[in-house]
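Have a look at the structure below, then the notes.
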Amino acid sequence: MAVLPLLRDEEASADALAVFKDIREKRGTDYVNNFWRALAHDPDELKAVWDRLQTVMAPGALDPLIKELIYIAVSATNGCGYCVHSHTASAKAKGLTPQMHAELLQVIAMASRTNALAVALGVPVDERFEAEPPRQGD
Amino acid sequence: MAVLPLLRDEEASADALAVFKDIREKRGTDYVNNFWRALAHDPDELKAVWDRLQTVMAPGALDPLIKELIYIAVSATNGCGYCVHSHTASAKAKGLTPQMHAELLQVIAMASRTNALAVALGVPVDERFEAEPPRQGD
Amino acid sequence: MAVLPLLRDEEASADALAVFKDIREKRGTDYVNNFWRALAHDPDELKAVWDRLQTVMAPGALDPLIKELIYIAVSATNGCGYCVHSHTASAKAKGLTPQMHAELLQVIAMASRTNALAVALGVPVDERFEAEPPRQGD
Amino acid sequence: MAVLPLLRDEEASADALAVFKDIREKRGTDYVNNFWRALAHDPDELKAVWDRLQTVMAPGALDPLIKELIYIAVSATNGCGYCVHSHTASAKAKGLTPQMHAELLQVIAMASRTNALAVALGVPVDERFEAEPPRQGD
Amino acid sequence: MAVLPLLRDEEASADALAVFKDIREKRGTDYVNNFWRALAHDPDELKAVWDRLQTVMAPGALDPLIKELIYIAVSATNGCGYCVHSHTASAKAKGLTPQMHAELLQVIAMASRTNALAVALGVPVDERFEAEPPRQGD
Amino acid sequence: MAVLPLLRDEEASADALAVFKDIREKRGTDYVNNFWRALAHDPDELKAVWDRLQTVMAPGALDPLIKELIYIAVSATNGCGYCVHSHTASAKAKGLTPQMHAELLQVIAMASRTNALAVALGVPVDERFEAEPPRQGD
């Protein structure tokens, strides 16, 4: 199931191939997964997403594995099956244990449950949860 | 803006008040936030959510602060403004720094971007991201 | 907070006013709620939505009150605060009791919780839940 | 397509098997569907979801069949294909007729249509749809 | 994967067949796609959707191809794989070029990214983006 | 309502101010809207989003106004009230007429309606809507 064919190396443009090469080198594998092969129809977006992805997912105040957990949480909530699969695989490669995975799913389930209740009840935000009121720039 | 009035202590049932008491003790504050006051119309659900919440958000293989980050990610993706506000406040109380918050938002934004692309492209899941095929129970 | 001004009677077109008149008569109240006043900028869509709404929400195999519960469930899941508020009001006018409302919210919360788990686990559909496989029309 | 293998009976832990046993007894069938076999990797969440599910879906002010309709509405809106399939099957087992199903889908479609309009128009909630304004607990 | 069998011509009711006939004539093809064959279980909704679809997607202030792009954007955001596939096919039939498709996906990705940030930050609407405040009808 | 205070010019970092300066120059107005003032807490994301936004929304195979319509469609579907408001304002500045706006909303409503039906019916993708099957890169 795909809207556009997944581009094989010999079908990809030079710009797309350059990104594929970078993916292979940075990940230390010859395998380029379907997302990139579909996105290769637009080398500009391919490069923009791949470049930003590396910056965003790099170690920082948050550990790369923690970032994968957040990624999975967003993907599950958005109903993106592909993304859930690919980032669960990434998380496992970065050290996700079954116990961590179980707790991740528990939190996702819990948040989905209370999100639904808060919206269905139309709960107003408590004043103390707000930053100070909007102020006009000078 | 609320669908049901937020129940004051003197309007809540004994069962709801017992949960309010537990919230106050566990959190070490007299303040009971709006979500619980709205949910107090159904003391059974109130207790079920509060009890499960404590289990799920307790320290485990994942740190309580990390669990709050995942909670915020789900809430933002679900568009639950209340939940984003209340759990960002919780995360701050558990040690969220501005740098961690910034990286959290970066990952949420990155995942939302690639989720949209993967769905719009109808990317099929790579075989290697699948667990072994479904098997029938005996 | 509105993208377009809510049209007062004296600002609405003749076509929009005809729909307002029908709303007032069918509902037995002079009050026309904000949704219709915002939609009045497009009298064609206003009429199409209002006409279909009456057909869809009329008594049938499902009771009108049950239809309102389903409406609220969709609206809460879509994060439409306006719709949650207006249809909870409609449901109350059609006999929603606090106990029914509590059970409605419980089911919404339960479904949201298991939806998130099923997606995050990528659970494949059981063969027995499928209708027979797609067949080509002749 | 699954993120984790669906556990066969002989692969499940004793705690998970105890829930499987309960599912079989309560449902009067030997068949345990994929959702539970995927969730069996976390026996604690498996039990928590199964236990709460029974409470929430039991007869009350709302009929069990009506609760299934609400479940389907949430699942369709969340885009959970698995859940739509499994709960449509459950609803049929509880007496869903083709006419009721048709009306359910009509309401889901209608609500999705007006939800989108209300959000795209930014319609403010009518004062009369609000519960009284938030009040501080004492 | 389907909840209801896709109806073949010989299984469809006379009312459904009349819509199939109209689809075939208007589209100049004998092929009736799966969506209509699934919806044929409810000839009333089938006709209502088909009729409104033609009105809405007809040339107007917006070009039919532009309308398809908007349709794809909504479908991708709702996570409706079927709709993304069918309307990308429709858009191609109406002249969608690879470059337009690439730009469409870029905008969808960009909007998803900033939507997530705006919600996660709880950004209040700027006064200048509001229509004048709600006014009561007379 | 905001999770973080909106930064005034005198509170923003030099890096954030440089982006504000660019926004002012490119837009020819001194006004910097709330989204950028909230995002200014993370000058790196602020710059990344602003830079990419200009590239993506620039004239190309699609007209800038058409891109705004797609942006609004995604934002409405994601339930991002802020984004609906700000991009409807942008679209008006780029020539959106009331008639175009009405048609945009009609398409958003139509797509939301059929998306919900397609998911609730679990309609399988027609073979002819698929690109050729996934192929392995060499």
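Which chain is which? They are A, B, C, D, E and F, in the order written, and residues in each are numbered from 1.
FYI, a contact is a pair of C-beta atoms (placed from the backbone, for glycine too) under 8 Å apart; a residue touches a chain by one contact, two chains touch by 3 or more.
This one's a predicted model, so the numbers in the text were calculated from it and none came from an experiment.
What are the mutual neighbours of chain A and chain E in this structure?
B, C, D, F
Pick the pair from A-F, D-E or D-F whose contact list overlaps the A-E contact list by over half.
Answer for A-E: the repeating interface is D-E.
Please state whether the interface between chain C and chain D is built from the same residues or different ones, using more than half shared residue numbers as the mark of same.
Same residues, largely: of all residue numbers at this interface, over half are found in both copies.
Distance from the CA centroid of chain C to that of chain E, rounded to the nearest Å?
18
Taking each chain's centre as its mean C-alpha position, how far apart are chain A and chain C in Å?
It comes to 32 Å between the two C-alpha centres.
Taking the mean of the C-alpha atoms as each chain's centre, how many Å separate chain B from chain C?
For chain B versus chain C, the centre distance works out to 26 Å.
Touching two or more other chains, which residues of chain D qualify?
Where chain D meets two or more other chains at a single residue, that happens at 1-4, 6, 31, 34, 45, 49, 52, 74, 76-81, 84-85, 88, 102, 104-106, 108-117, 119-122, 124-125, 130, 134.
Drawing the touching chains as a network, do you get a line, a ring, a star, a complete graph or other?
complete
Taking the complex as given, what residues does chain F use to touch chain B?
1, 3-4, 41-42, 44-45, 49, 74, 78-80, 125, 134
Quick one: in the complex, what on chain C touches chain D?
Chain C reaches chain D through residues 1-4, 6, 31, 33-35, 38-39, 45, 49, 52-53, 56-57, 60-62, 66-67, 69-71, 73-83, 85-89, 97, 99-100, 102-104, 106-126, 128-130.
Flag every residue of chain D that touches chain E in the complex, lowest number first.
So the residues of chain D touching chain E come out as 79, 81, 84-85, 88, 98, 101-102, 105-106, 109, 116, 122, 124.
Could you pull out which chain A residues touch chain C in their complex?
Listed in rising order, the residues are 72, 76-77, 79, 81, 84-85, 104-105, 108-117, 119-122.
Considering the complex alone, what residue numbers of chain E touch chain C?
1-6, 8-10, 31-32, 34, 37, 48, 52, 55, 125, 130-132, 134-138
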